[in-house]
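Note that chain A is present in both complexes that follow, paired respectively with chain B and with chain C.
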Partner chain A sequence: MFFRTVWLVLRKDLTVEVRSREIAYTTLFFAVSCVLVFAFALVKEGRPIEDGAAGILWIAIAFAGTLALGRTFERERQAETLRALLLAPADRPAIYVGKLLGIVGLLLAAALGLVPLVALLFQAPLLDHPFWLASIVTTGTLGFSAVGTLFAAMLVRARTRDVLLPVLLYPITVPVIIAGVRATAALLEPELDLAIVRFWCALLICFDVVFVTLALWTFEPLMTD
Partner chain B sequence: MSVDFDHLAVEDVSRQFGRRRALSHISFRAASGEILGLLGPNGAGKSTMMAVIATLLRPSSGRVQYGAHDGVKAGAALRAAIGVLGHDLFLYPELTAHENLEFFAGLHGARDARAAADSALASAGLADRAHDAVGSFSRGMRQRVALERALIHRPRLVLLDEPFTGLDDHSTGALVARLDGLRSQGTIVILATHDLDIADGLLDQVVFLRAGRVIESMTRPEALRSTYRAVMARPAG
Partner chain C sequence: MPKWFTPAAILCGLMFAVSPLLIANAPYESTMGLVQKIFYFHLPSAMTFLISGVICGIASLRFLFGGDPRHDRTAWAAAELTVLFGLLTLITGPLWARKAWGVWWQWDVRLTSSLMGWMVSVAYLLVRKYGGPGSDKLAAGLALFGMANVPFVYISVNYWRTIHPATSVVPTLPASMGLPLWWCLAAFLLFFTLMLRLRARLEEQRARLDDLYLSLDE
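What follows is the complex of A and B.
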């Protein structure tokens, strides 16, 4: 039943998004604008600043992620469908996992567009190590979204949710973003040091395990009242 | 797996939001096959009471008993026995009527969610609009889909908050007949409404609420509108 609920919630979210394309367009547009602005500011005479690409990629993912989180739960608020989800006899952590996977999927789709753009504008060899880059982006996005999904669900009925979400989210996810930036920067070194990349990836996986476990543990009591 | 029970007992329930007391020492009981009406003006606490019975809110004090089961402890198995039609319809406007019903049937563990959705749409008289987005429906049509969503898992307890909103005469008649059907099947129905003319003769019990307190309860009231006016005209306290 747990995995069935996860699948039902994920499929529903993806169907709604395919019909409206609202979050995909706004997230991608915002992320691309962000990268373009930084490219104009940080690339002088064709020479980008060192490790700039890594930082810009993660800033764009984090900002776009915040936007996607807010919109995803705004949808559930409009017709109070979140209440219907909570009223169902399904495992509430399964509802959380379904929502989380939907957001991770959306952010990874946005990253698919962002990575080539950042590589092009910052002349960064991001695509030289596709396996490691995919691992870093996936684990980093999962860690960021794990905390974000929990907070966005908690704040869905708060009047000041748009202000509170980034205020609560960024301080807690800073370690994930820093690890993501350092791991991506390590990939951009002329001589790839796999030990460093593995270290940052392992750290990201640790963050994912801690954040997802805590969220699964706290989602039910936080959503009950 | 859902729990079964033959009565609902609300026992001395109070609910506070910060300093504001939304419900104050509410008690009533509804048995299997009864339709109980919660009547009162706006802000009387009807929706809060519904949310407490639906297990969406915990009482600050007192308790709700579903037969032998406690509302706080029974969890998912109890939720499987409750159907809720709220003031908001709990439907995704981007999805079709069939997709909405299939999704909720699946969440409630229906073995064949597709067949359950087909059957529910036939009951709503909307089989020909099954594959249209709910966002394109009129309020009355959405209300009919929402009612089927609330009933799709054949709940023992049905909570209806303003179910007649937006319905035309024909749909209202169909809903009243449906409620009669639920009563004869032994379902406990709790109904909050301002449509006193429609509710007249339909309710087995009425609980009148004002400012979060029960000011009167009665069995099978006659002339509901004039009774309501007389009860509400009483001075507070």
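What follows is the complex of A and C.
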């Protein structure tokens, strides 16, 4: 029952998205513009600053994520469908997980476009270790979206949601971003030290566990009027 | 006000008045000298900052799952005090670091996570002020994530090789340094308790006044 609800919510979000492609296009475009701005600022005479690629990849993911989170729930608010979703006789945590997976999917799709772009513009060997990069990006995105989905859902009713989402989201997700940046930077070293990468990955998984648990636990009381 | 408040406030004032004498009489630390004495205010304010964050989280938890507005008021008061004591920590820390490490700030785990915890409490206040209706629950959710950060701040120095001293330093202090430290910590905690009570009471009175206005309108 739980997984069926998750699947239904996820499928609904994906169907809406596949039909309009609004969030995917706008998010990707915004993320690419961010990367371009950084490329102009940080690449001097053809040489990017050290470890720049790792930081910029994560800044782009975080900014794009904020945009996607805001828009996903704005859509639900306009049509008053979030209320309908919450009124449905379904587990609240299942609704949360469905929404979360939808956002993680969107951000991973955006990352698929971003990674080659950053690798190209910053001459970074990002694609040398695809398995580790994929694990870092997936765990990092999951941690970021876990907090983001919870707060974006809660902010639907607030008047100043556009301002408050980044205000709430960034201080809490800073550890995830730091761990993601450090892990990615370790991947970019000429001689790969797997122990460092593994350590930051383990930390990312810890954050994921803490954030998802807290969010699942509090989603129900927080979403009750 | 509860009966204990006035005597406790006087005691707290006396403790703070005596603390400079105790700190002045404590021996100089061998390598850092005079500047190390900021420690007697830095550690108590940092401890109070972390404890305050935990109290804010627990009160928010009880408000979320119980719905009693009393806990919400405590959480609010605790969040304001978290900002205050966090600020004290973040001011005394760099002052000390400038002399001891040669830099104002270092991006190590303890400093970064403390700054992050402080920012979460500032975000809490922003939500309360500008969040509009429903911001009480929103802020309570935020406080829970802030509380989750506290143990991380505490243990960070023991797991990472950081420039900040580890928590194991404190129990090994000689009595001549330990006494002023525990004295100041007690004074800070007492001050925190008094402020928490006072601030929660102010909110309580405001809520009561609002209720009176509403009942007059009816």
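General remarks:
Definition applied: the second predicted complex is superposed on the first by the 225 of 225 C-alpha atoms of A that agree within 3 Å, B and C clash if a C-alpha of one lies under 4 Å from a C-alpha of the other, contacts with A are read in each partner's own complex, and residues count from 1 in each chain.
FYI, a residue touches a chain if its C-beta (ideal position, glycine included) is under 8 Å from a C-beta of that chain, and two chains touch if they have at least 3 such contacts.
All figures in this text were calculated on a predicted structure; none of them were measured in a lab.
When the two structures are aligned on the shared chain, A:F151 is found in touch with chain C, with no touch to chain B. Contact with chain C, but none with chain B, is seen for A:V167 once the two complexes are overlaid on the shared chain.
By the touch criterion stated above, A:R19 is placed in contact with chain B alone, chain C being left untouched. When the two complexes are overlaid on their common chain A, residue A:L87 makes contact with chain B while staying clear of chain C.
In the superposed model, A:D208 makes contact with neither chain B nor chain C. Residues common to the contacts of chain A with chain B and with chain C across the two structures: none. Taken in their complex, chain C has these residues touching chain A: 64-65, 112-113, 116, 119-120, 122-123, 126-127, 130-135, 137-138, 140-142, 144-146, 148-149, 152. Touching chain A in their complex are the following residues of chain B: 2, 54-58, 76-77, 79-80, 82, 84, 86, 88-95, 99, 103-104, 106-109, 133, 149. Listed in rising order, the residues of chain A touching chain C in the complex are 147, 150-151, 154-155, 157-160, 163-164, 167-168, 171-172, 174-175, 178, 210-211, 214, 218, 221-222.
Chain contact summary for the complex, chain A toward chain B: residues 1, 4-5, 8, 12, 15-16, 19-20, 75, 79-81, 83-91, 224-225.
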